[in-house]
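Before any comments, here is the structure.
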Amino acid sequence: MSIDHEMKATTVEQGVQHGLTPEEYARVVEAMGRAPNLIELGIFAAMWSEHCSYKSSRRFLKQFPTSGPRVLQGPGENAGVVDVGDGLAVCFKMESHNHPSYIEPYQGAATGVGGILRDVFTMGARPIASMNSLRFGAPTHAKTARLLNGVVAGIAGYGNCIGVPTVGGEVQFDESYDGNCLVNAFTLGILKSDKIFRGTASGLGNPVIYIGARTGRDGLGGAVMSSSEFDEESESKRPTVQVGDPFLEKLLLEACLELFRTDALVGIQDMGAAGLTSSSVEMASRAGSGMELELDLIPMRETGMTPYELMLSESQERMLLVAKRGREKEVLDICEKWDLAHAVVGRVTDSGKMVLKWHGQVAAELPITPLTDGAPVYERPIARPSWQDEVQTLDLSLVVQPINSSGLGAALKSILASPNVASKEWVYRQYDHMVRLGTAVRPGDGDAAVIRFTGQREGGVALAVDCNSRWCFLDPALGAAHAVVESARNVSCVGGEPLAITDCLNFGNPQRPEIMWQFSEACRGISEACRALGTPVVSGNVSLYNETEGRAVFPTPTIGMVGLIDDCRVRAGQSFLVAGEKIALLGELSASHLGGSEYLRAVHNQKRGVPPPLDYAKEKSVQGAVRALVRAGLVRTAHDCSDGGISVALAECAFGNGLGCDVTLS
Amino acid sequence: MMFAIVVFPGSNCDHDVYHVAKHVLGRAARYIWHKDRDLRGADVVVLPGGFSYGDYLRTGAIARFSPVMEEVRKFANRGGHVIGICNGFQILLEAGLLPGAMRRNDSLKYVCRDVHIKVENPMTPWTRKYAKGETVRIPIGHGDGNYFIDDDGRKRLEDQNQIAFRYVSASGARGEAGANPNGSLGDIAGITNARGNVIGMMPHPERLAEKALGGDDGVRLFESIIEAVE
Amino acid sequence: MKARVVVTLKRSVLDPQGLAVSRALGSLGFAEVQGVRLGKIIELDLDEKDAARARERLASMCEKLLANTVIEEYRIESIDGAPVANS
Amino acid sequence: MKARVVVTLKRSVLDPQGLAVSRALGSLGFAEVQGVRLGKIIELDLDEKDAARARERLASMCEKLLANTVIEEYRIESIDGAPVANS
């Protein structure tokens, strides 16, 4: 397909085919001062897509608390950075790869892990732990088994190969995910607090360098980028599925860490969604500079690629760097050692423009500010769903509750057998959760994973990922607040002090008012809980349109909580250790609350009622007490009561070492 | 006493062995890049776990041709001590320094958990700090640990006492369900060459060498080789 | 009756494994190697007399399990020893 | 010139993958499947004109890298499109 075709002025129809509304296309023309050509249109469509611009969700994210004494980098960069003392910091983020994983579970999940790893090490950090939060349809649904098998194998295949331990997470099943599985991947890395690298393209004349895998036509089949002009032949060459190469990512990781030890780098960013487009534009936008790229110098994997394809390809394992002028050779030598494709592909300018050349000829020229700050921000209509009251009503008199012990026993067994509560060992046994010798508390052994700063200094981090999406369906604000509080409770139970969170906000179609209501309520709940617990939001991701034929997934604001532990040897696990030890309950056994409970769902197949009320003051005192007891070495087993309540909590404590317990509840 | 730890593109347990050798046991440890041809006065050469060359084609199939492997072969033939852990074991098999080959785990899934192994031969430089028949707890983390060797080869292994470890249950019994994590022939978990200076094992001793991580049954393997060499 | 099916990655899908093997052969001195692609070969032993029916069943096996039709394509190469002309 | 090599496990070696696939097909209702064996198909693109020389070089590639002759056997199936009669 010739290049001239790509340089012809486009029409509003082509804008609509790229996912822009006619009004958005008009704004592009206004920003450009003329009709954009195909390359320019493709770039605007990618930068103004929901995924890159957060146009439907941005205004709600502003309410999150994002600063704090330990926060070195809040939202806006590739990952958030939090100080952990002694000149050390941790950086972390969570990303979603929901749609690709539904199409091709193995590669969709694998490339999700690869992407979040790059977001972390691009900040200059060595990744030391990963987690994931997965949602699948009902176990009986035809697709669930294949999706579960493929997603878990993909996460394991990529994570195990690159040598970052997968140390925790959660898996839940519900009919609302039948048509849309959720794959949220979390990674945390460690770095020196005075050596944080950011995605900025500053310094007039500095070289822009491409490193990593060669560029192919991966991911170009996606709706946002296709347009009718492409002939059948090129269309078939465009796989919608990206394939990850964990071996190459390991080389890329080691090369980048070696580059960070030189002082030759000015800025660096991974090529994630919309590949070269988002990385180059965002780096220039952050520095308020401009950039000139020679697209014909890009290392290519396929012949006959065009500027449009090169700018929008989503090939994996690629980074964009800006080095100090004159230090190019040093950078390229390191890439040579690690067998990575590399090329100087342009330079930083001060024009405030993105100039794209093709064999010396200017193929596209765009103003940078409209691409990032100029993206539309939508005030989508919000409306409380008509069915919300109905699902919140729960008439306990209709719920036949077991009265004798055999009835209670049977109920407990059916809850323990429910896929949401049952052991997930089948999943995490496929993940290498021990590599790097950091894992002091392994998956399944504690309410949170504990990872040592092996070799750096004493202490480590406590990590937990949580969200009860049924509660968020019944009351998005309260449910989301519970997700924050429960992840903090899990961190406290192992003896950690909650520091900060990242999140992955998975919701349905924002153009439906009830979905926007769910989203706005959940954001309100998260910011309220984060303020109460003093755990700011330092990074995150929004995934919308998780919906099929008008049926949306449960609102799923997944929370990733990071806590600090001063001495990893003084911690608590989840299992009873020795017969004869006393069992204590912290926080009183309040009046029974069955709203939205796992009991109702597993035994009576009902999802009704409202989640239990939240008392932040009491929550903080209970968590503080548990943490103090664990740190004093007085308590070596601690477990929070969540799905299934106290009976399930006691059962789970007993399973670990095959011990029992005598408990009087009066 | 210097541990030379070979780093292939795709190795990811190199720093774990380095940590145990240097920080836990206080011995010298040095990384050797797979393109180097100089083992720089190594007393023990370690081929660590990982996914050398992405384990493409077969686990360890490409790594065995790295320049350093020629040096490792000469070092081993001179009686030098070489240990291949997990992917390192697969590389030693592909290089012909140890007999047999690895297949996919019979579950077709990667398995990461503690297993129990029985010390079959305490008379090697690697196992002298263990008692004969002792059962120890060591973690595994692999997808291709299903060892195979033809009947003649197996007979030679047994006749020359080259089987170092076998998978057993926690109580030390053979053949119980779940004891053998991958279908390995004869529950074989680790073997040595006839001379005993080269060993390959699928379990990772370096992953359980500190009480802080839940146990230290693995550290005695390193202590054995230190005692044998120093 | 014996049958053979070949499953390969679609032409347009990245094949990291083929790339690694190709480079390894190059470093071993096989300079004539320009490219490598790896695929799976599946040999089945079927209790079935009728070749046409076998072919139809084999296609269904491929669609259901043997091939991941999102990124792979399959060819039924031979049935009962006789090569099968593919549509 | 295109060439194709097939690498399979030796008969004497139990094939865990073949077993698993056979069982899976059975559970999907393909009762006629009596056995399955999986192997690798390696398609190479060679800058070589002479078929005889290509075959000799391919054999050396198999012996050196492409097959683990302890448990695998290989067949050079076709060179430049022409099937190769195997010894």
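To keep things simple, chains are lettered A, B, C and D as they appear, and every chain counts its residues starting from 1.
We adopt the following convention: a residue touches a chain if its C-beta (ideal position, glycine included) is under 8 Å from a C-beta of that chain, and two chains touch if they have at least 3 such contacts.
Bear in mind that the values here come from a model prediction, so they are computed numbers and not experimental data.
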item: Comparison of B-D and A-B (more C-beta pairs in contact); value: A-B
item: Where subunit A and subunit C are represented by their mean Cα positions, the distance between them in whole Å; value: 36
item: Chain centre separation in whole Å, for subunit D relative to subunit C (CA means); value: 10
item: Inter-chain centre distance, subunit B versus subunit D - centres from mean C-alpha coordinates, in Å; value: 30
item: Two or more partner chains touched - positions in subunit C; value: 16, 20-21, 24, 28, 38
item: Subunit A residues counted as touching two or more neighbouring chains; value: 245, 247-248
item: Touching two or more other chains - residue numbers and ranges from subunit B; value: 53-54, 56-57, 61-62, 65
item: Pairs of chains satisfying the touch condition; value: A-B, A-C, B-C, B-D, C-D
item: Subunit B contact footprint on subunit D (complex, rising order); value: 9, 12-17, 19-20, 40, 65-66, 68, 70-71
item: Residues on subunit A engaged by subunit B in the complex (per definition of touch); value: 153, 156-157, 160-163, 245-248, 250-251, 338-339, 429-437, 439-440, 442, 452, 454-455, 568-569
item: Sites on subunit B touched by subunit D in the complex; value: 57-58, 61-62, 65, 93-94, 99-101, 103-106, 108, 146, 148-150, 183
item: Residues on subunit C engaged by subunit D in the complex (per definition of touch); value: 6, 8, 21, 24-25, 28, 30-48, 54, 57, 60-61, 64-66
item: Touch list for subunit A against partner subunit C, complex; value: 103-104, 106-107, 216-218, 236-239, 241-243, 245, 247-248, 301, 315
